[in-house]
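Shared chain: subunit A. Partners: subunit B in the first complex, subunit C in the second.
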Partner chain A sequence: MSEATLERGIKALKEQIDAPVASFFSSCVHCGMCAEACLFYTETGNPKYTPISKVEPMRRLWEQEFTLIGRIKKLLGLSKKITDEELSEWQELVYNSCSMCGRCTMVCPVGNDITYMIRKFREGMSAAGHAPEGLIGATTRAIQIGSPMGVKFPALKAQAGHVEKEVGFEIPFDKVGAEYMLLMSSMEIMNYPEYLGAVARIFHQAGKSWTISSEAFEATNSGIQIGTSDLARELVNRIVEAAEKLKVKTVISPECGHAYTAIRWEGPNLVGHPFSFRVRHILEVLDEFRKDGLLRTEGFEEDKMTFHDPCQLVRRGGVIEQPRNLLNMVAKNFVEMDDHGKMNWCCGAGGGVSANEDAHELKLTAFKRKKAQLDELHVDTLVTACANCRIQLEEGLEVNDMDIPVVGLTEMLAEHLVETDSKQG
Partner chain B sequence: MTSVEFLQWVRGPGLAIASIIFVFGMTLKVLEIFMLGRKKNLAELRSSGVKEGFRTIITRFGAVDRFTTRRTMFTHITGWVFHVGLFVAIFLLTPHIELFKSFLGFGWPALPTAIVDFVTVITLITLLIILFHRITNPVLRYLSVGEDYVVWVLTFLPMLTGYMAYHHLFFPYTWLLGIHILSVCILMALFPFTKLTHAVTLFFSRWYNGYMGGQKGVKQ
Partner chain C sequence: MTGTANDSEFRKQLDDLSLAQQRAVGARFVHSVKDLTDDARIDVAIKVAQDSEANNDEIHSAFKSARSAVLDCYTRCGADADWATQASYFVARAASDVVMPEKEISNNNPAWQAAMHSRMARTCAVIDTDTTEEQQETEQQHRILDHFLND
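So, the complex of A and B:
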């Protein structure tokens, strides 16, 4: 990272402004509907969290640089320049109070993709030196150590050792020619070791070859959360190099929302060329197994359960049907939240919010929206498919004295695998 | 300047100047947007996005989810009422159609004047309610800048003066008609340089929104 200055920030931000951004700013009529779609507004009632106003400095830059009227105003000295003080004030709005969940994008009557603009604005904010400390730390660790939480390969190897003992077969590392390459999130390695065991058992039953690269096992990408494309590109490149070296056909993004956006949607655009392999979320892979008859389960969960859709999978990723197909294989009493699927409410901690200590209190306030959704349903179990959502849900439930266990969908499926006629993997 | 001279000026050179500024300004606006371009998406796409782009242009006329719709019902309803009102008053009033006919060479059926008159009253009242809402609602007050109020006046005046001219209220008819046309001229001349451009650019924005989402497999 070269030294962050206001000048660099403005230059970076100018480079981000494209035709959609110009169209969006030209279309906003200040109707305020986006506020009602944003949990940071609905749960605080503070108008400053209105999504479109979070990109106000960016709007001014667009007007000053890319419109006739703006240029005339600038020439006459009538326009307000962007300053460090202003960006510093905006840090809270661009990072702490936006999980880039994309709900505002879905309700805007003129069709503005505000999330798209926040993502771009962060490029300018980080180049100007106005990214939160927590995210800078996570990104630095990701680049230097290989994981935002500082997890190194030996930690994963140790966890794999425990899993091997439990499942009774080897976890394949660096296997050239495997069909699938599994990525993990640090959160799964540190907090949810059951994920790796679940994947191992499912692949074993399906008889599919898979591997984990010792050089690129980390899927999360702090670069896209902080908004530094150079670093995001470096993190994606590590995965691309490993996948090409191991000649895999499919790279599997783990139970994590933004990791999916990073590798599946931003990845090829960051490195500047299409990938030579497919990228799929673990739920997409499992649903493919289901369709091909390779995922065989037995028994049903009797608990009343609901599914929390990770925003980056549904609104920003298009993985909507798969978790429902999979849940229905093992859950008898699965109910939907009022707003679900592509309109589900964010957990409150995505898009870098969870890595940002400054946002800690706010993210728990934002969780109240999820709490309200759960209060309507009275479920026994909450299922999700994102380790980051899961941490936030667990913390939010704990703080609010709600006794609802949170389960990862992959693990839940693995618990229902037909064990008797498993193939040798 | 007599009232007749004034009327002749506004509906002659005045309207011509306003129309030229409008056409030039809107062309510039559209060019300013599209000349910025955008990068091609290199990710493996789930669809071309074209269908969802077009669908979004249509679907955003309505509401999306229950929660947000409930909380924005007021904006939805007042928004619809005044936009439909503007459309009716501008495009379905006999004298207006005559004017369009003189430019375009063809016309279309008008609504009975009494209905347009009634719609105009409803629209004026709705616009006043919307202004009140903008001033009193915390989110709208926070968002609003001078331009929002200027644009409100620009929209309100042609409706009000048109209504007054039709009913010969307070001032001589010739003056009222002249002022009505002048207010339209000002609206047209400022249109390309204010948020009024949304009338055109919202189609691009909805398209981009649906198109980019559609490529990822998000249906509207």
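So, the complex of A and C:
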């Protein structure tokens, strides 16, 4: 990399040091509590994976540019310059070893939002040309094709065709005036089409109108994962336009953790105005149906089961009670993991880690934390509500020779719906 | 016996079969899309599902290896969709359906599940083309069931 490119990169990083980031750096008391909260550190024991060391180059930059002592040192030539090699080295730390799970933020005694700092660091790193190939590819496809996995509308239509055969009625596309607009993740379209069938059956029973937009069906926001607000904004805008065009009241984020954060919590800030519709995670919607008596189930699962809370749902969105209310409708023998809910441990693959092939080994090492939680419980079934968590859990269990099936909560509920005339449509 | 005319009749006929029969006919559906994969674990699942003498351990072990075939070819979040690999993912899922241990089956009919996943496999294989192969797979499954019922 040329000197000029490095300078541009450092400038991009400097631009990310806003007031919150600066105050976080100045208030850190080096207590190390965040380290013990991060599964990439606890499962490897490697100090380079502590949350605060993941943002070290940014801290040095802050010190050199924004503190008196740092500026003096810089003038005297005593400060250590940030090099391109260093940024390359930090690429692994900021992308491979952070799932943006937010657990470190929860424990910091001085209230530092370390996850926000990492997000800002990613923003600078991607502008500086230090983002992983996998995430660059996913983001490019998301912008060009509409899906990070290159799933085009005909592929969704084809999967929907099979689902229609399964459920016995039509999957509604582009219905103006429907109450709900369903977003999906490419992961669900490609790997778990049964999710769509489950939603269709539940909405059919509830008698609610819903639709999928052919122009914006994808919920995954790779712009957020790679840390590029412009691209994240563009992806949110597509959903906003589709929802406004179809005049829906509620947009439903799928069983995907970070998609929910992207559209619900970051979305309005990214586009710069409130939405004209509500955004809810599918589990929030299903819990509303439950409260309104629109979700009617029968029978119970006898298996001992537990629930893996997707980080973005519990920590960012506070969606803690809803999955438990829903589970209680169909599970007799439900047990909680230690540290469930708000302090749940990440599966190890969120925040773009799974999209990043270089992180494959590390994410399976991080899974050891989930394994330890499960080893204590001896459950027969693991339930979750995020397609990305699900595949990581399935893979982690397989690698560790643990014979525990993983099921999606929405699908499990659909299995227990009171039979209506749904087969006739 | 008259031929299976449509999918609801097809499904009803599958529902009327015993579990062992559902596994056996499901295995034939999987066999019909075997050209979409070269994974030997699929052959094992087909063989075990068709063996009316297979014991629980054999079924469980065939299921485990079919599941690992599934995990070997799913598409990672954010990876560029490779529909040929995705076709083998659905073949593996169909194979795992027919050897799923009884306690995991719940309300699902393994033969119907295998039929659906086999169709999805065929769809993936032709997703970027304009062919009717997927419809042909459905008709093929109807014929397979007719033969099975008449065997």
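Everything below uses one rule, namely that the second predicted complex is superposed on the first by the 408 of 425 C-alpha atoms of A that agree within 3 Å, B and C clash if a C-alpha of one lies under 4 Å from a C-alpha of the other, contacts with A are read in each partner's own complex, and residues count from 1 in each chain.
Keep this in mind: contacts are C-beta pairs under 8 Å (C-beta built on N, C-alpha and C of every residue); 3 or more make two chains touch, one makes a residue touch a chain.
Values in this document were obtained by computation on a predicted structure and should not be read as measured data.
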Subunit B and subunit C placed together on subunit A: clash or fit? fit
Exercise. Touching A:Ser53, do we find subunit B (first), subunit C (second), both, or neither?
Worked result: first
- Task: Could you say whether A:Ala158 touches subunit B, subunit C, both of them, or neither, answering first, second, both or neither?
- Result: second
One more residue to check, A:Thr228. First (subunit B), second (subunit C), both or neither?
neither
**Asked** If you stack the two complexes on chain A, which partner ends up touching A:Ile391: first (subunit B), second (subunit C), both, or neither?
**Response** second
Chosen between subunit B and subunit C, the partner touching more subunit A residues is B
Notebook entry, point to check: Touch check for A:Ala19: first (subunit B), second (subunit C), both, or neither?
Noted result: first
For A:Gly272, select first, second, both or neither according to whether it touches subunit B, subunit C, the two together, or no partner.
-> first
Rounded in steps of 10, the angle in degrees at the Cα centre of subunit A between subunit B and subunit C is 150
**OP:** May I ask you to decide whether A:Arg141 touches subunit B, subunit C, both, or neither, giving the answer as first, second, both or neither?
**Re:** second
Check: Which holds for A:Tyr116: it touches subunit B only (first), subunit C only (second), both, or neither?
Finding: first
In whole Å, subunit B and subunit C in the superposition are separated at their closest C-alpha atoms by 25
Interface residues of subunit A shared by subunit B and subunit C, listed none
Residue positions on subunit A within touch of subunit C in the complex are 134-135, 137-138, 141, 147-151, 154-155, 158-159, 161-162, 165-166, 168, 185-187, 190-191, 193, 220, 222, 225, 301, 303, 349, 352, 354-357, 387-388, 391, 394-395, 398, 403, 405, 415, 423
As the complex stands, subunit A meets subunit B at residues 17-24, 26-33, 35-37, 41-42, 45, 47-48, 50, 52-53, 66-69, 103, 105-113, 116, 264-269, 272-275, 278-279, 314-320, 338-339, 342-343
Within their complex, subunit C touches subunit A through residues 7-8, 64, 67-68, 71, 74-81, 83, 86, 89, 103-104, 106-107, 116, 119-120, 123, 127, 134
As the complex stands, subunit B meets subunit A at residues 28-29, 32-39, 41-44, 46, 56-57, 60-61, 63-68, 71-72, 75, 79, 137-145, 148, 193, 195, 197-198, 201-202, 204-210, 212-213, 216-219
